[in-house]
Amino acid sequence: MPLLMPVLLAGLLFCIGVYGVLARRNAILVLMSVELMLNAVNINLVAFDVWLRDELLAGQVFTLFVITIAAAEVGLGLAIVLLVFRNRATSSLDEMTELREDAA
Amino acid sequence: MTSLQSIDYVAIAAPLVVALVALGVLVLDTFLPPARKVVAGWVSVAGLAVAGVLLVPLVGDTRRTFCVPGDGLVLPACSYVVDELTLVFQALVVAGALVCVLLSLDTVRDTALPSGEYFFLLLSSVSGALTLAASRDLLTLVVALEVVSLPAFALVALRRFDSRSSEAALKLFLVSVVSTAVMLFGLSLVYGVTGQVHLERIATALDDPSLSQPALALGVTLALAGFGFKVAAVPFHFWAPDTYEGAPVPVAAYLSVVSKAAGFVGLALLLTEGFAPYVDSWGPAVAVVAAVTMTVGNLAALRQTRAVRLLAWSSVAQSGYMLVPLGSAVAGDVDAVLPATVAYVVAYAVMNLGAFSVVTLVGRHREANALADYRGLGRTEPLSAFALAFALACLAGLPPGLLGLFAKIVVFRAPVDQGAGWLAVVMAVNVVIGLYYYLAWATTMYARTAEDARPPSYRISWSDGVAIGATLGAALTLSVVPDTILRF
Amino acid sequence: MTAVYVALAAPFLAALLGLLGGRRWPGLVVPVAVGGTTAALVAASVLGGRVVLDAPLSLRVQLADVPTGGPPFGIDLRADGLAAMVSVAVCVVALCVQVYSTAYLKGDPRYSSYAALVSLFTAAMLLVVFADDLMVLLVGWEVMGVCSYFLIGHHWEQEAARAGAVKAFVVTRLGDVGFLFGIFALVRAVGSFSIDEVVRSGVGTERTATVATLLLLCGVVGKSAQFPLHTWLPDAMAGPTPISALIHAATMVAAGIYLVVRLFDVFLQAPTTLAVMAVIACITMLGGALAALGQDDIKRVLAYSTVSQLAYMLAALSVGSAVAANFHLLTHAAFKALLFLAAGSVIHAVGTNLMPDMGGLRRLMPVTFLTMTVGLAALAGLPPFAGFFSKEAVLGAAEETARHGNGVAAAWTGWLVLVVGLITVAVTAAYVTRLWLMTFLGDRRGAAAAHESGPAMRWPLLALAVPSVLLGIVGLRDGWLPRWATRGDAGEVAQASLHVGLATSGVSVLLAVAGAAAMWLAWRRNPAADPTAALRARPAFERAFWVDEMYDRGVVGPVRGMARAVLRADDEVVTGAVRGTGRGATGLGRLVSLSQQGNVQTYLTGLLAGVLLLALGVVTLT
Amino acid sequence: MRELLLPLLLAVPLVGSLVLLVAPPRRAERLAAPFGTGVALVTFVVAVVAAATFPETDVPWVPSLGLRLHLGIDGISAPLVLLTSGLTALCMAYLLRIRPEAGRLRALVGLLLLLEVGMLGTFVALDLLLFFVFFEVVLVPMWLVIAQWGDDSVPGGRRRAADVFILFTLLGSVVMLLGILLVGLEAGTFDMVELAERQGAGLSRGVQVLAFLALGLGFAVKTPMWPLHTWLPDAHTAAPTVGSVLLAGVLLKMGTYGFVRIALPIVPEGAEVVAPWLGALAVVGIVYGSLACLAQRDLKRLIAFSSIGHMGFVLLGISTLTPVGVNGALYANIAHGLITGLLFFLVGAIKDRHHTAQIEVLGGGLYERMPRLGALLAFGAVASVGLPGLAGFWGEMLVLLGAFDPADPLPRGYYLVLMAVAGVGVVLTTTYFVRLLRRVTQGTSFQAWRDAVLLRDASPHELLVWAPVVVLVLVLGLWPGWLLDASDPVVRALLGGAP
């Protein structure tokens, strides 16, 4: 299997993730977009692993770790979003500007 | 390959103990009556102290563990190595965490934070930082980095009913995960091109010129993102001021010192061990980042009126200084710049913790923690004021803060020696800008005040006193015998 | 050499004592001041006596060497005929002035510092006289200048005194800077600061000599009030009259001439300089005399006459006769000091400086009248008064150069000096007559009751009248003057001699008489009025040809403007640059703040954009 | 024992200032001035012994930086050490009776002692990095002295002045650090003695020029050289009397001393390239400072601008690269320290009495109101003008002589022009000082001052404090060999000639 396709796919996915992170106003959706970015990484890693025929299977192990990290992040992230929602009754990132530089 | 790996438990004792104590604290806390919650804090102190003691036997030699054997063609490689660099950072992390825990004791009690969770999270993060300093492969690096970060999010958010706290956590979190994602993407590319995850082997592989250069360059650059976030380098710095301000002050101190030190050790390892042959690519990039970081940090700090926010920007600027040696590294002798980075990080930790100690103290009594609240401190709390003034002088790098001065000399040496004069000049200008706000703050404390507006004097608790005293003592000692930290 | 040390130390110590203790022990002021000067006079007389009795005097002493990094300079002193002569003259005049001042400044609250400064001046002048090192000479030279500054400003309540002091100091200092550079040029050429060395070894090329002497001439022109730096001297008359007598007539202004004489061998190597000197001397000579004709203030008349007479000395030098210059220096010191002291006596009596307010004092102040007449006659160059002989010596030297040439100065300079000198004789006689007539003859015009001055003021007048009469005749004694007026080298003494041509003398006496007669005729018409009132050129004379105004327009005004511009620019640069930098920094800080407005997605955008830029940069550069 | 002398020289004031820092505030406040005077006198005695015996100390401090505690004293640093310790002692003695209007004396005395440590250290350091450290030590104390005890007639003025002072100086010294590092790392040692002996051997021309520029910038800001002088007038105007005295008397000398001690001998080729520019800026400074004085309305600012002019002479001397010029520069350095120190004492006294230093407000008649103060001011002015027989003359004369005959590779004609312009500066200097005397000391007093009861003439205490300076100005004026004998061999050696 040519390497190009999965890497392209990963790149595309990553870009979609980036777009989502920047364009979505809702914290949950931003979180999901981050997941997309992480998954792009996973695709990359697996594809490279297979392509390299890595004896250590480092890429696949890496993927597992990334999945774990992603899970932890999402868990924590959701908790924080929940906290914010409880305090502010909103999960829109636009409204979270209490902490900022003093307007000049 | 079939046998189980043998594990050098002495080498991993420190992070292990810290992690175990973290769990222990969490469990212990549930059995503590509300009035005795502070015990969790003292247990944490003890745990960190033990971890510190456990570092002692490691001094003097290099211990490796979690190794994969080599097979003729490839060298054996280890994931966890305790060498001098590692030890310095581990010691720094332990000491810094100790000060943070001491500062936290009163904060946790006064602001009714859940002490079990608080210390558990703090120690977890510390264990991650300890591991990070020893990790020598990409996986361990990434995982350790996340272990430092994830508890920190929770720590920041721990003031549950404070909307600022949760906002700060969210910002920290989002910037962190995006940076991590970018870094991971970069690392995946590095892995894809080199086929290796151990830093030593990556370095060996990079010597092969037939590798795909653009992919590698992209990978290396993106890989910097995660650490850039940790050290709050521009453009990954955005979270720092907002988060420091929203978090409990000791947590901000932790983020700005321990967490940042962890970021630096990770960055240093990655760059000097893993990507050393690729210095021609990342060197200039780091240099540019360093220059922009210090400039942005200092310029923004000029306008601040609140202590924590000022320290946040100042720590951004200081990150810029710390990046200077890495940014001026040249091919063939990359390791030469390591001592300067190490020295500055250690010096920075001492002086910044000194500043944060007093800021924490004042923050307990003055909610806003504005610079104006420091007016007259020199009269009512001469010792604390002196400690803060000295720390600020160190940060400014001006006598009597000789520690900072020597640290700056060390940092300046690198670009001058390696021919990155422009970077040295940019830093020179920045040092001058920096001086302004440090001095302005320091004088506020000694400014003449109207007699009727007597600033209140504070009752300084035992733990705060120790924290302030220890950092001041360290700063003073290192000012006189700076060789202790400069000789690496 | 003991005499030299005493002559230097006595007035210096007197000055030190006077400055430090004058306030506390007022009774000591007069004895200290007079005593110090007397001691100096005695010491100088000892030297003078040795010159008269023994053969030529030549003593040198090198006290210490001071390293500079280049050629060292030494604290070197010398005493020779020339030094002895001038030192005696200085001490005589100084003693007269000290004595005179005890009466003239009686009751002045600042008399103690005044007397001390006069002592200090005496010491400084003697240092110039005895110096054998250019640096030592310069020290004395400048200390004289500052004493002159303080003494002109003695009456600092008066605006004229303040302004005059400033002007005198600044203008002479302007010349002194050139003088200093001249010394540099000599030192560079010779490799030593020693005057002896400079004179003996010469300065090498004519070009070097010309440059050096022209620069030295700047100092001379400033100190001796020659055109174009002469303007300070008339204004310096705002000082007390004894000061004008001592400093601004007899001694300090003559120091410039003395210096040229000291270094005359170097000047002789530079014909160009001599020519320049001749031109300057001629302009000053005639211009000063004409300006004197237009003044109402008796002291200003004398001041311009000083300018004019000093020009005679310079003219003598420019035609190569140091001896004639010296002779005139000596006689001029005597009669001009006398004139000023007498004028002081008059002023003291009538309470004004202005001649239109005087008149008819002949009867009221007989001693003053008599002595002043002697002085004026000497000034006008009437035989047998001292001024006649010395002036004839100058004119004779000019004639000699004009007719025969002397190998150094060009013939035309001789003619120039001779012609202008003769014209000036007439003008001099005219203004002298005018002064004499307006002050002493005619009817009393002022209100104040005039009376003869006391003994402390009378005796110095009489004492100075003696040399004013006799010096000329004495000076003609064969070989006597050259022995005084040289450095004491045997060959030189033999060479130096005075030439007095009978024809020239006759013409000059005739001219003098004509000038005096013209003035007398004009005065006869209306004794109460100014005899020169009818002259059409009088405004030009009165304003001294508007040189001051030209300086105001051309130098003072522009400098002031520049100063204001610099200050304004500096203020603006300070406030502008510093505040601008500050504002710029905070402005940039604000820019940073704008990116930090709390929206986390902005942060992320920045972050990712930054990463993109970095990545692009790295990828393209790799 | 001899090795301990120089460390002792630094330790005495340092310990003194630390003692004041930790002493109980109430009592310390009362005893601060006598204590400070005592400490400063002891320091002065140590300095005298050191200047007489020329001891040297060399022990490692921070080996990893190559920083050694290498202290030494010789013919060009000894006068400066004596000047520093002497002036500090006089300032302390001054504070015995005359206190600044506001602020605590304890802290002021402590800071002045700390300042003394930095100043003395700069003059005795023989290691480049050590020199830099001491160079920096003076900044914060001086800044505090200006910012806390300064004149507050303009709201926030003293603070702004102090800030500008420290920011300017720091910018200069940080760039200087770059130069030091460049030299030290290229040459492989930071030892000034060794580097001076090498006379730039082993350093390429490019490195030398770059290093001279970097070092020179640091020194030039401190000196200050036009156009980097802008911090000076404000700092002087705002500083309290003792601050101004030490600022003008000693601090400025650190820059010129650095030129002579470091920049000239260590990077001689760089010096050759940059010297003409330095000379030009120096001369501009002379004329510019003098012109600014001519139109100046504030007495303290006037003296400050006059410093710019005088330091211009010092820089011109240095730029000639000849022993004559450098000797002159060092002489002018000392002379300016004494004379301007005295002038600031006097102007401070005038300002304390009248609560203004505006010449127009002061009006004339100082001779009449306070004859002693007036006479001293006249003395100071005349000395500052560079009258022969007073200290100010010799330095400026030698500087001009140096410019008349500059070192070989330098363009002579060009330097002649510089010399001539500097000569104009001499005249301008004379002009503004006599104008100053005319407007302040002469004339008659305003009625308001006549009516003021408190306007006393200089007290015996003040006279006693000023007397040593006056005497020294006279002695140095009458006997220049005193200093030149000491400095000449060292200067020749530093410039690479035979001693």
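Letters are used for the chains, namely A, B, C and D, taken in the order the chains are written, and counting of residues starts over at 1 for each.
By our rule, a residue touches a chain if its C-beta (ideal position, glycine included) is under 8 Å from a C-beta of that chain, and two chains touch if they have at least 3 such contacts.
Here the structure is a predicted model, which means the values were calculated and not measured.
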| item | value |
| --- | --- |
| Chain centroid nearest the full-protein CA centroid | D |
| Winner on C-beta contact pairs when B-C is weighed against A-B | A-B |
| Centroid spacing, where centroids are CA-atom means, of chain B and chain C in whole angstrom | 78 |
| Separation of chain A from chain B, taking each centre as the mean of its C-alpha atoms, in whole Å | 25 |
| Where chain B and chain D are represented by their mean Cα positions, the distance between them in whole Å | 43 |
| Mean-CA-position distance for chain D and chain C (Å) | 36 |
| For chain B, residues that touch 2 or more chains besides their own | 170-171, 174, 178, 182, 241-242, 300, 303 |
| For chain C, residues contacting two or more additional chains | 590, 592-593, 596, 598, 600, 604, 608 |
| In chain D, residues with contacts to at least two other chains | none |
| Pairwise chain contacts under the document criterion | A-B, A-C, B-C, B-D, C-D |
| Residues of chain A defined as touching chain B within the complex | 7, 10, 14, 17, 21, 27, 30-31, 34, 37-38, 40-41, 44-45, 47-48, 51-52, 54, 56, 58-59, 61-62, 65-66, 69, 72-73, 76-77, 79-81, 83-84, 87-88, 93, 96, 98-102, 104 |
| Complex contacts: residues of chain C adjacent to chain D | 23, 64-70, 113, 135, 138-143, 145-146, 149-150, 153, 156-157, 162-163, 165-166, 169-170, 173-174, 177-178, 180-181, 184-185, 187-188, 559-560, 562-564, 566-567, 570, 573-574, 577-578 |
| Touching residues (chain side chain B, partner chain D) in the complex | 339, 393, 398-400, 402, 405-406, 408-410, 412-413, 416-417, 421, 424-425, 428-429, 431-432, 435-436, 439, 443, 446, 448, 482-483, 486-487 |
| Complex contact set, residues of chain D against chain C | 164, 227, 230, 233-234, 288, 291-296, 322-328, 367, 371, 375, 378, 382, 387-389, 393, 397-398, 400-402, 404-405, 419-420, 423-424, 426-428, 430-431, 434-435, 438, 441-444, 480-481, 484-485, 488, 491-492 |
| List of chain B residues in touch with chain A within their complex | 68, 138-139, 142-143, 146, 150, 153-154, 157, 160-164, 166-171, 173-174, 177-178, 180-182, 184-185, 187-189, 191-192, 195-197, 241-243, 245-246, 300, 303, 305 |
